[in-house]
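Both complexes shown next keep chain A, but they swap its partner, so chain B is in the first and chain C is in the second.
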Partner chain A sequence: MRLIQRPTPSPLHYLYAALGSLATVTAIVLLFTGDVERAAAAFTSVDINYLARVFLVVAVISLSGVLSYRSGIWNIGQEGQAVVGALAAVASRNALEAVALAALFSTLWILAPAVLRATAEVNEAVTTFLLSLVAIYTARYFIDGPLRDPAKKGFVVTVEAPYLDLLAAAVMYALLLAGIVALYKTRAGLTLRLLASGEEVVRYAGKSPRVYIAATLLLSGAVAGVGGAVEIMTREAGRYMTLQQVSTGFGLFGVSAAWLGGLHPLGAAAASLYIAWLYQVATNLKVMGLPALVANALVGSAMAWGLAGYVMYKYRVVWR
Partner chain B sequence: MATSRRDWLKTVASFAVGAALGAGGTYAALQSIKTAVEKTATQTSATAASPTEAPKTAAGLPVMRIHFIYVGPIGDYGWTHAHEQGRRFLQKTLCPDPKKWCIVETSYTESVPEDQAYTYIKRALSNGAHMVFTTSYGFMDGTKQAASESPDRFFAHCSGFFKTPDEWARLRNFAEYFIDLYEAYYLNGLVAGRMTKTNKLGYVAAFPKLPEIIRHMNAFLIGAREVNPNVSMEVVGIGEWYSPDKARKAATSLIEAGADVLAFTEDSPTVLQVAEEQQKAGRKVWSFSHYSDMSQYGPDAHLTGQVVNWGPLYLEMAIRAYLSWISGDLSIWSEWPPERPRDYWWSMKNAYAGYDYRKNPADIITPLNPAVPDDVKTYVEKRRREVIEGVWDPFTGPVKDIRGNVRVPDRSRLSKDDLYNMDWYVEGYVKEPA
Partner chain C sequence: MAVDIGVVQEALKGAAPILLATLGAVIGQRAGVLNLGLEGVVYLSAAVATAAGPPWGCLLAVAVGTLYNLLYYLLVNDLALNQILMGFAFTMMAYGVGSQIARPAVGKPIEKPLVQGVEIYLAAVLVAAALHLLLRTRLGVAIKASGDDPASLDLMGVDVYRIRKIAGALEGALASSAGAYLVLIYYGSWSDQLVMGWGTLAVVTAMISLWNPLLAAGASIIPSLFISLAYTLQRLTEASPHLLNTVPYLASIAVLVLAQLAVRKTRLRALAPRWLARPYIREERT
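This part shows the complex of A and B:
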């Protein structure tokens, strides 16, 4: 089996991927609920606040994915950057400071992979992924040390992050989205996208590929960090981290949304809404008492379809 | 056509994801078929809070719906599995025959992320639950919030605390509960101290800085040094509740460092399995059960161990809530038991009768291995009786910490708060656990 690049990319395949994902989900839900009525209940009962919260978090992180993959750079450490962002939020006194610090610290967090990639061609997929493991241990150090809440008695828990209204989070996301759409219209944005065609192309355009590679990674990291901060600040209760649960998994959902949305900021928004809805369906299934693994597989299958859509968009499979 | 490195990466990544999902999907399918077969209770959709509107049994008793929220998957052993056993005990006891009489209907949600407890509790309430149990520390604030918003339902949260007496007085429909195991660890320590030939003990801890685990380790070491003052103990932290790989690595390194009795606080039987492999190879290495009876994983190496049956405690709380619910008198729930209303802290003392968890559901320790000498058995039984009667506690002074400072003065004991928030290590560790 080989993959052959299409002469012209075929955007229709994103639609096929979305339909395929929907078919998979329907099949899974029907299989596990066993009757149409319960399946319908699993699909239709929606808690608007919950959906909005998951959507906003996934959508912000998906922008990080778009920024990176659109330039052909593989930042897959969104989970870790989100953890760093959430830590920064916990350390802040108000929501505005939290967002600023989250962006700052997650930029610093991705600085090493960015510099290594730009100057020494070290594979950024490996470094960003490994750093997301490091992020968990770093977070545990802070949970157990400087950010520990003494009022929580013997329990090892951080202090609470400031509260962020869902509406404020939505406005912030809209600004971020508009900013990125606008960025891609500028000359710098064009160069960022050119990077996906190869470093030589950027060099030929008279720019330094190193600068743009580093900029891509730094921007991507900053946005993922903001996503982590939004996640912890919009919780209805328990806006703290515990030793046991540092990572929330939304980083990976953001990555899936970016791919499923065809690496376009608006596509990613649509895909994030879809993933948020899937997450709600998964929650409904869990509440019905179905195994949690099924629920997780739902969201996981969306990621597989997103990647498949991307591959089919660019390549044609030859079975030989 | 030549494929570039990056294209390769993309292709390989998509196939890897596909393969992982395929494997996960198959496992999930098998698991849920198993669950579907085991599951008999079905869910109805009434949302009434009052007993007059609730569905009735044939005997005319209203049926109270109780929902459990678990932090992990149920699996075959460990924390969530133990709570699931407790739920089944409750269901079986208060619903012996769904056709004749049955006053509870239980359901559960597994693998709920700690930050989303509130959402899941709200869902359970809108699905008609009258009472909700949440079983992870991280669920505490979400549960308290739901309790203050729904004063007509009952809530109980495992392993938390009341921040202030005011909060306790305000949340009258909310209880905290826990079953503590440090006394069982102390008895295990007595056995370990006499069984070790190298005078080196090993301990595999999920999080060596959690107060609960510090309490376990300290009690274990105090027991061992009570019968053998030459004993020292080394601790390896693995940073996860469930990670058989890391537990195996930790246990192996402890054995290589000379330890021949291994205790642990984490969610898998790996350490016991490692000890069993050593026994098979002819080396006397011992270990224990933790949380559920794990003796099947290491019949030779298994000395004893602590088990938890949440069933009796769930039964106690559910009966109080039920009586309070049907009578409309909240004090039956909120002011009892008189010594610690709505703050249940059970331990070995609540296992008054019998020394076998198979006969006495409240017992928290498994029978001793026949390889344990008789005089040790007698001594363990004596100490166990003293703990149950309340005349002895592992943390009875003088107890010194690792730096030699006296932490518990002579003939004093620790308060519940001191035990709950323990952040110091007793004498006898090789080095301070990190």
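This part shows the complex of A and C:
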């Protein structure tokens, strides 16, 4: 099995990747249900509000991935940054303050990896990933301590986060999306994308790669934090964190959507909708009494197909 | 003083699985692959070892972990899928599958093993010495070359893809034995959170040890010491156990930064595999 570079890459290969993902998902669902009728029920039963909520969360976090990976910077700590964003939301009095604090604290959370990568070339994939684990324990400290709700005697849960309705969340996402699309039209946005071709290229363009590396990570962290806040604030009920349910897995979903969408802000939006639907399918399967691991398996396979789409776009696979 | 000795003994016991996984990471990173899926391999093999129980659980865990790691190598090496993100996805999938496999064993003790003292660490140091020797053999040199200059290795007629897969098999076997050790010897029980971070710490320790198996024997004590210290402090102080649990990760990052700053302006910097985290695509050879 070898890869040959395509002389004329076509974006159609991302569509093939999406179809491949769909085929894999169908196979997994059939394997778990063992019957076509139940599989069809898992695929077709959709709660629009639930789908919209998951879509918005995944779509916001996917923008964090787009920002980072299009610049060739490997922030894979979106899960931890989202946890920090959700914590900030829980500690806030109203929705506006929650979003602002989520962005601020998740930026501060990623500050150390950003500075270390920019100044000492410390691998940001390793530091952001390790900090995700730190975020989970830190969140547990706040759940069990400063943010614990004293009214819920006998239960270790935080106070409730302010409510954000889906329309407001959609407007916020649209603004973020428009902001990032607009950013890529500016010279700064172009330099951010140039970074993926190498630090030398940015230096030749007369800019400081260090500044752009740090800016990429900080922006990416801020957006992931907002995603975490949106996740907890758009819940109809139970807008609190518990010791067992700190990490929601939406960090992985956002990263998967970014790749499945070809690292394009609009492509990531389409991929987020697909991943939200996968999440709905996984939830339907859980309701049918099937294992909880299905969501991870479905989204993990979507991520693999997203990466495969990127490779298929650039290369042809030959057997030799 | 008694407490100090206890912490050191615990640290040596805990360093054994980190050392085993670190040695795996050293081999893989030397071959040019940054495998964040190592966390998943440790987790999955620990779950398999738990589900099957001793003594066969150990062998089954190594077999499953090695195959899982080889699948990762097939995707990132032969098909050039992004190493970092696939590693991340492999970890997430292993968490999902592993927690499901070991679910019936939650809260149940596992049969006591025969060996459980610091001699395990000494055995792991012997493995480190063996790997150090391996890296000086023809195969070892090929593994190092595939991480430093795969195009030249390819021009010499050595199949880079095959060499990396051999490295992947070794890495998988070492990491999965670390996973089996964690549940069967170190903890003697299973919970979903048990393995969280051990594999990732090994990825960092491999970097701290400058990809040298003998240095890895020393470096693996660092995270383990902080893990043991966190447990001891939980018993002795009023500090939040949740915050104490963050110490090993934060300490590992701090040591990684110090190590990187220390070698930055020295010749040791050249030890870093130049192709780390970059796929080798033969048709793009220049």
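Operating definition for what follows: the second predicted complex is superposed on the first by the 298 of 320 C-alpha atoms of A that agree within 3 Å, B and C clash if a C-alpha of one lies under 4 Å from a C-alpha of the other, contacts with A are read in each partner's own complex, and residues count from 1 in each chain.
Please note the rule applied: a residue touches a chain if its C-beta (ideal position, glycine included) is under 8 Å from a C-beta of that chain, and two chains touch if they have at least 3 such contacts.
Being a predicted model, the structure only gives us computed values, none of them experimental.
Once chain A is used to superpose the two complexes, chain B occupies space that clashes with chain C. In the superposed pair of complexes, A:F32 makes contact with chain B only, with no contact to chain C.
In the superposition on chain A, A:Y141 makes contact with chain C only, while chain B stays out of contact range.
In the superposition on chain A, contact is made by A:V156 with chain B only, not with chain C. In the superposition on chain A, A:V311 contacts both chain B and chain C. Residue contacts after overlaying the shared chain place A:L183 against neither chain B nor chain C. Judged by the touch definition given at the top, the superposed model places A:V287 against chain B, while chain C stays out of reach.
Once chain A of one complex is fitted onto chain A of the other, the partner contacts of A:E236 are limited to chain B, with no touch recorded for chain C. Of the two partner chains placed around the shared chain by superposition, chain C is the only one that A:L116 touches, whereas chain B remains out of contact. Look at A:L51: by the touch rule set out above, it reaches neither chain B nor chain C.
Residues 2-5, 74, 125, 137, 140, 144, 249, 291-297, 300, 303-304, 307-308, 310-311 of chain A lie in contact with chain B in one complex and with chain C in the other.
Contact residues on chain C toward chain A in their complex (touch as defined above): 34, 36, 75, 78-82, 84-86, 88-90, 92-93, 95-97, 99-100, 196-197, 200-201, 203-204, 207, 240, 242-243, 245-246, 249-250, 252-253, 256-257, 260-261, 264, 277, 281-284.
Remark: chain A residues 1-5, 74, 76, 112, 116, 120-123, 125-127, 129-131, 133-134, 136-138, 140-141, 144-145, 249, 252, 255-256, 259, 291-297, 299-300, 303-304, 307-308, 310-311, 315, 317 touch chain C in the complex. For chain B in complex with chain A, the touching residues are 1, 3, 6-7, 9-11, 13-14, 17-18, 21, 24-25, 27-29, 31-32, 35-36, 39, 43, 71, 73, 107-120, 122-124, 127, 136-142, 144-145, 160-161, 163, 207, 209-211, 239, 241, 417, 420-423.
On the side of chain A, the complex with chain B involves touching residues 2-5, 31-32, 34, 47, 50, 72, 74, 125, 137, 140, 144, 151, 153-157, 231-232, 235-238, 242-245, 248-249, 283-284, 286-297, 300-301, 303-304, 307-308, 310-311.
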